[in-house]
Structure formats: structure tokens, C-alpha cells
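Think of it as A, B and C in the order they're written, each chain with its own count starting at 1.
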């Protein structure tokens, strides 16, 4: 590995960070540009499979588009391997979903295995997929005293909690 | 981006990591040195706004200083842009607070937008602020069987759980 | 710090990422190779202390080997210092354990202080240890409506949740 490789690896990491930011901020137009046109996805151990970026974005927008669907997808432990104009990436995911319409909390962990391709000088996602370590959910209505104190959409990103 | 840029970016990341470590370990003296004197903060979507590092540190020490206030602030997905002696940084935050005096658990996610400045060869925080994706809390007293099994302060950082 | 230092730092980070991946995927053979033979460990504020990589691996395999023990260990905020053929690393840990045999959930945060050594051109863990910021657990059987919806082992990494 050379310092120049690190520059490419940094660019691949940024691509992944932008992907996750666009999902959690529901910026599906910007999200589209991060994929190659022929991109494929195999989420949740291959249970949710999509071909073509149009199908991937439609899946994401349909299932994560509501403003009551608050998500935090965070990736860790990047193991990026460069191979010319392509690259592979292994990542550890943790995700939390707080749904304030359906009143549930979901938490999970997974490992991503991605492929990336350099297109006109910019790295794009060619394939993304993860396999779950675990996932659990619970209804928040059963949690006595549970309260939502901030929302990007419902409270303009501010907490309702007082500070001193 | 050049390999030399990566060296500066690494230094900016370290600054942010030190900032969060000092908060969670309650080292407010070391925390002070990480800010420029004229630093500003706009936490929680601009709800908690402070001018000058003295005011920022006072806010943090007042609200997070008690030893029963156990926090884990973790940042992810650094998107650092250099511009000479200044830089900007976007980060994804997840934070957990376990308060063993007031018996609550708080969990949240947010996106930071920071500015940094090079002062005498060292990067300093010039502005920091985040906007919440979500935040929720719940009283731990309502969780049957909930138990705190380790604390940096109350158990000298050791778990009370047995291992084989 | 030079760009060449960053290449070594990246290698040290990869070592740590592989260590955590092997733990969460229960690949204890691959895990063994990541340690020096004389490695030492001081987990949980020095409560769980082991000498020699054989003892460390035995501790991990004994306590985290069951398939019902689902863990997600994630490290953040690397502060790696190189010193020739050795290096030190400070990391912020967050870990979640979901045990589907014993029906509990454990969450914790800690700070790692590691030492690494270059052996035949590959970085190895010479010492690892962490001190807990906090740790808590709760029985999932007391959480009304709690359900496990995915497991690396029990559901082949797939979620049982439907999508649209």
C-alpha cells in the first residue's frame, strides 16, 4: 500500500459516508448519483435483492422515506482493497431505527461486502450487500415513560430537553 | 487530494477524537485547549448556542460534569475539507447517556458541521454544531431487571459481571 | 507525521478491525494469528487479565463462543502513535450483546489502550485492554413485544421482517 493508495481509499470511504448520510437525511436524488447505473444490492443476507440503481433507490425511498422513520446507519472498520479501477470494501454496520408513526425501535448489526468502480474519475457503488449479525425490535409504547425528544423533521433537529 | 492533505486530515480527525474523549472522561482542562479562544457552538439544531470557548466549556461542564452522568459520544463518517489554514468537517454522531442519579437512558443521532483553524501549527475547533436526526429517552427505573454493571467512576472502570 | 506513517497507521487500524470482526463472527483461528505469542490482555479495567495469546483466545472462545451470543464490538476515534517497530493505540469502544439463550441485552462503552508490534512485516497485538465508561444489562423477557428478527447463525443473516 502506498500513500497514493490511501488517497483512493479515502475517496472510497467518502462515497460510503455520503451514501449513508443521504439515506438518513432522505436525500434520494443525491443518493442516486452514488451508484453505477447497473448497480446491484443484496441487503439482509440476500433477502432483499435489487438490480439497477433505479430499483435500489425505489426500495430505499419506499421503505425509509416517511419522515416518521428516523434512522441512524453507521459504518465502521473499513477494510478497502483497491484493484485498479475497482475496489472492494468490508464494513461493520450498526443501525438504529426509531419509527414515531408505528412506535417501534429497531437495532441491528451487520457486515457489508461492497464493490466499487471508478467512473469518469469518481468512485461509485457497483454492488452493496450486508449480512446481519443480529437485529431486534421492540414497541416503544410498551416502554413506560419513553419519550421522543428530538426529530430532524418534527422538531427541526432540536431537542426539547432543557439544559442549564 | 494529496497524501500531504491526508496528513492534515488525520490531524483534524485527532482533534475531534480528543474533543469527544475529553467530554466522556470529563477532562475539561484538556478540552479547553482544543478550541480557539473565540470558538462558537450551536448544539442541538441551534437550540444551545455559546460564544467563546469559556462559555462552551462551562456549558459542557455544568451539564455533563456529574460522575453519575455516563456518556458515550461517538463520531463517524468524517468528510473533512481543507482550505489552507482552515477546514470544515461533517460527522455523523451517535450518543448514549446513562444517568445513574436520575435513572434515565438517552440515545440520539445527529450530524455535525464543524469549522477548524490552524493556530501555531495545531488544529483547533473554531465552530462546532450539530442537528439531531432523533433523540429519545426512557427512565431505567421502569425497565424490570435493568442493572448498571460498570462505571468509570463508581466501579473503577470494571464490570461486576463474572466471566468463565 | 508523514504520508508513509499513514500507511503504517492504516495497517494498525486494519489489525484492530480484523480482531473485532473475528470476535463478532466467532472466527477464533484467524483471531489467534492477530496476536503476538506473548500477548497480554487486561479487559474491563483490569478485571479480566490474561497472559499469552492462548489464554486470551480461550477466554474469548469460552465466553463468546455460543451462537446465541450475538455481539457487535465497534471501535472509534483511533489515536495511533508509531514508534519504530512498535505502536500504541487508543480507541473508543461501544459494544452490544444480545444473548438469545439467556435472554439479555448488554450495552457498554469503554476506552482501549493497546500496544502493537511489527513481526515479520505484519502488525500484531502485543497488549490490549480497556476500561469501561459504563455497562448495563437488562433481561429481554421483561420487554413486552421484544423480538429478535435476525441472527447470523439462526436465520442465515437474514431479517424476518417484510419490506415493501
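Everything that follows uses one rule, which is that contacts are C-beta pairs under 8 Å (C-beta built on N, C-alpha and C of every residue); 3 or more make two chains touch, one makes a residue touch a chain.
Owing to the predicted nature of the structure, the values given are computational and were not obtained by experimental measurement.
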item	value
Fraction-based call for chain C against chain A, same above half, different below	different
Angle (degrees, nearest 5) of the CA superposition of chain B onto chain C	120
Averaged-CA centre spacing for the pair chain C and chain A, given as whole angstrom	22
In chain C, residues with contacts to at least two other chains	3, 6, 76, 143
Contact footprint of chain C on chain A as seen in their complex	1-3, 5-6, 9, 44-48, 59, 62-63, 76-79, 90, 92, 94, 106-111, 131-139, 142-143
Residue ranges of chain B touching chain C (in the complex, touch as defined)	3-4, 6-7, 10-11, 14, 16-18, 20-21, 24-25, 70-72, 74-76, 96, 98, 105, 140, 143-152, 155-159, 161, 163-164
